[in-house]
Amino acid sequence: MSHPPFRSIGLIGKHGDPGIRHTLERLIEFLRELGREIWLEEETDRRIPGLGVAPLSIDKMARRCDLAMVVGGDGTLLHAAAELSDFDIALLGINLGRLGFLADVPQRDMINVLGPMLRGEYDEERRFLLDCEVGGKRRKAFNDVVIHKWNIARLIEFETHVDGRFVNFQRSDGLIISSPTGSTAYALSGGGPLVHPDLDAILLVPICPHTLSNRPIMVGGDSAIEIRICGNTRTDEVRATCDGQGILEPHDGVVRITKYPHTIRLIHPKGHDYFYILRNKLGWSEAPRHPD
Amino acid sequence: MSHPPFRSIGLIGKHGDPGIRHTLERLIEFLRELGREIWLEEETDRRIPGLGVAPLSIDKMARRCDLAMVVGGDGTLLHAAAELSDFDIALLGINLGRLGFLADVPQRDMINVLGPMLRGEYDEERRFLLDCEVGGKRRKAFNDVVIHKWNIARLIEFETHVDGRFVNFQRSDGLIISSPTGSTAYALSGGGPLVHPDLDAILLVPICPHTLSNRPIMVGGDSAIEIRICGNTRTDEVRATCDGQGILEPHDGVVRITKYPHTIRLIHPKGHDYFYILRNKLGWSEAPRHPD
Amino acid sequence: MSHPPFRSIGLIGKHGDPGIRHTLERLIEFLRELGREIWLEEETDRRIPGLGVAPLSIDKMARRCDLAMVVGGDGTLLHAAAELSDFDIALLGINLGRLGFLADVPQRDMINVLGPMLRGEYDEERRFLLDCEVGGKRRKAFNDVVIHKWNIARLIEFETHVDGRFVNFQRSDGLIISSPTGSTAYALSGGGPLVHPDLDAILLVPICPHTLSNRPIMVGGDSAIEIRICGNTRTDEVRATCDGQGILEPHDGVVRITKYPHTIRLIHPKGHDYFYILRNKLGWSEAPRHPD
Amino acid sequence: MSHPPFRSIGLIGKHGDPGIRHTLERLIEFLRELGREIWLEEETDRRIPGLGVAPLSIDKMARRCDLAMVVGGDGTLLHAAAELSDFDIALLGINLGRLGFLADVPQRDMINVLGPMLRGEYDEERRFLLDCEVGGKRRKAFNDVVIHKWNIARLIEFETHVDGRFVNFQRSDGLIISSPTGSTAYALSGGGPLVHPDLDAILLVPICPHTLSNRPIMVGGDSAIEIRICGNTRTDEVRATCDGQGILEPHDGVVRITKYPHTIRLIHPKGHDYFYILRNKLGWSEAPRHPD
């Protein structure tokens, strides 16, 4: 089954990568040959000037274009996804180097791969973001919201509640609240499981918990999660961080996490295989062999 | 919201527990006072004779009764659930000793707790079972299907496929394929996460994998999972075990696991709290305290 | 085999515990009846005034007394041990509440237990401390030195060297360098093994390492360990913390850890059993039982 | 510092590897040119006939030669080490393919590497083996003794004692008792730490323990370890396996493990670096890089 072709394309580039200009130039030339309308995200235009494509704010791009091509890596795509999540625009990631979990179009082969995709030959999946609320401020996270100690050496103390029910009191370095997308990121380093992106679930991974029987826990995707700082921990000793960037201080001691109402349309080359990416990224390359 | 009362009740008892006779006697007396129809599972009748209740095969019980009361523990309930899973009968577990993950009506307080439940005041949840197929033979598992080495000391080699897609090749002691219900059982000892029973997901936990980056993975509940013995491993060096009991040899080297089409109706006292049971069973009793 | 009796005893009390005064009073009365010389650590005297015992600085106490009785818990003993480590004074811990890993004389039974110990009937063991050097400043740690990210949300990057040999480059939340004593503290939360206190070994436990095959590693007790901040990490994004307290900033990017030259003489009631304490503290209370 | 040259060399080859004959032929030619006395282990001679070197039983080789060259991999060396451990002969491993933890002379570069080693330019280390006693039978293990369930699906129950002291009762799939050498083998898959080979320590790693707080534990190298089958477990449901091979049934329910009195002399090319091998084998190849 194929989709309608993409007509208007927004380009977003990773800043600071030496190879990015050349890749964008080739991409622009290719898209022009195909007669596509092209826009350049204004911050990318400011950092990599002279590409000869009209700049557009990311908000306008989200309304005007039907596809955002993010050139960089998973981090760049993560950031763009949070900004574009209120709109229906599709997202596609071109990785400059190693295969990404999200950015799975290799730069070196992009012309061959993008041709069919632009004509509508692609796989599409929906990914959800997390919505984090701290003292009235909201942030979005594609991977994870992390509650962690700040400026102190000792453990923090907090309670976790899910849908109004008390889950546990915990002394630990913090807690990772992860979407399925984020299960291959920080949550994995913390000992969490891999979670297939199709699953409607949220993963909670304690960081160095004091109680040894405290384990990662998966709850439903529609859960309302509430973290309440308590015990001997002051709120200024804690931060909530969204995708490793937006750092919020929970002045009133409470962090609330739910699924964000809009999902992301992530598109991939036809035949996209999540397990292939897992094997590749995690080094599961071991083949059957004779015992030593 | 309340349910219609239960009218016809089947009793299933754990064999070999010294306190079981007395508990069944009290239960029978109580149910008679309430004017309920009562039947005794025939194997229970044979092992604990003289209770004065008409025996019935478990199959007939499943058709005749609207509630099965299982007196014993999680193991007894697990076993009964696999046998009753094709029918619409509700299941309720009375634990003789410690609180169970499934059997959550305490024997010592059962008269007070059961009164309202029999009148329709209860919480109900649906749990799914796994269906395991090995060489044409099928077995059901409420907790888990375990693929494990048999009669050998060294690792076994096998491939995992999900929905026809290759996941990985693995050298390990085996693989635990677990329902959310089973996530608190063997899968937890193997390093798997806790999975809320509402989730429609299947958990795969490698046992002592040779590749250190091999991790537990959660896939959708409707996944078709296939394990293929390969490499240097002979099929007689492998077994598939369902809930720790039905031991099958995969003569043709393939084990297939899917969700079983019918779900179990598990009922609990009103206000049932999964997290309370987790805290209680896992010793998450630590309260906020002053640092030492 | 028995030891010479203790003659001159220094008392050190945990500050801020409500039951401490009463315990100290009983202890002082008991020691006076036995005719022992008693001194009170001057900070304890300041916080809990009116105990009627002559105050002494901890340094003078270390020279004057042959036994320091620490009343509080493991934290109080940890702190005292670091201060007394240059001297030959014996240490004994009285716990006010729960059994400690180090403070294993229970307050409620202390009179019975201390009698024989003061006469020389006790078990003695030597524990070593770690010596941490950061930019010319030195701190001691009984449990652990922790290298950890500070004021940032993302991972830190550093190299580990042992005896001048490169071990690995690591992106993680940090690294726990632990003595055997510390193996039951933070290192255990981070996934490290238990290490018998008799072992002459240092344990390195990565905190949430980015590389999944990165594991805790045990090296010889005489190893010279060097951590070098590198890559994208600035030195002000890192701290080295000794026993959760002394927080040092590695301005020159290097933290050096070795065994401290003097050991601690920790004394216990006769028949002291490390495994009993492990079982008790870790909840290994499970007894053989019949299957469910 | 250099050692006396090796004069009489025994060759042991891995059976069943296609490249082994050619490697042995080159090695024999090289050793003849150097004028060394050469012997071929008799089993190797039987499997790879026609090499033109006089065969010798491994026992006689141990007495006659001052160096055993093991051509194969870690498994072949492991096996040879157990057989040669009573003698003072040095061991050296030539790996046919990937670098081994033990066999660290690469076949492709062996002529260059072996020249200086034969002249006495090498690094030497002592490794200890474990001695396993079951019902009067003794076996040696270089890596590990594994106590594991046999022919059953459920957990086994046993007690661990160290130096006559009760450590814990455990329900699990088994227990790995590992030397430092074995810490990179099965113990690592079971969640144990890496242990530097210089350490005089024995590592105990529970396999899928029922109690979540049960963790790997390191005890002194001179510990007398005793495993006692108990509870509901029959002795025929348990086996003790040494280095994955010698499978013993503990008829009387007891397995005893101590350090074997003689050590192995393992020799390496000058500049041998344990951490280099760890990095290489565990894929710790990640270099500092710019964040995505």
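Think of it as A, B, C and D in the order they're written, each chain with its own count starting at 1.
Basically, a residue touches a chain if its C-beta (ideal position, glycine included) is under 8 Å from a C-beta of that chain, and two chains touch if they have at least 3 such contacts.
A quick note: this is a predicted structure, and the numbers were derived from the prediction, not measured.
When you average the Cα atoms of each chain and compare centres, the chain farthest from chain C turns out to be B. Set side by side, B-D and A-B show the greater C-beta contact count at A-B. Chain A and chain B have CA centres that are 36 Å apart.
Centroid to centroid, with C-alpha atoms defining each point, chain A and chain D lie 45 Å apart. Annotation: 42 Å between the Cα-based centres of chain B and chain D.
Each of residues 154, 188, 191, 210, 212-213, 215, 282-283, 290-291 in chain A touches at least two other chains.
Across the complex, chain C meets chain D through its residues 154, 157, 162, 165-169, 171, 188, 192-196, 198-201, 203, 210-211, 213-220, 230-232, 273, 275, 278-279, 282-284, 286-291. Contact residues of chain B toward chain D in the complex are 146, 148, 150-151, 153-154, 172-173, 186, 188-191, 207-210, 212-213, 239, 241, 244-245, 247, 282-283.
By the touch criterion given at the top, residues 14, 16-17, 72-76, 100, 212-213, 215, 283, 290-292 of chain D touch chain A in their complex.
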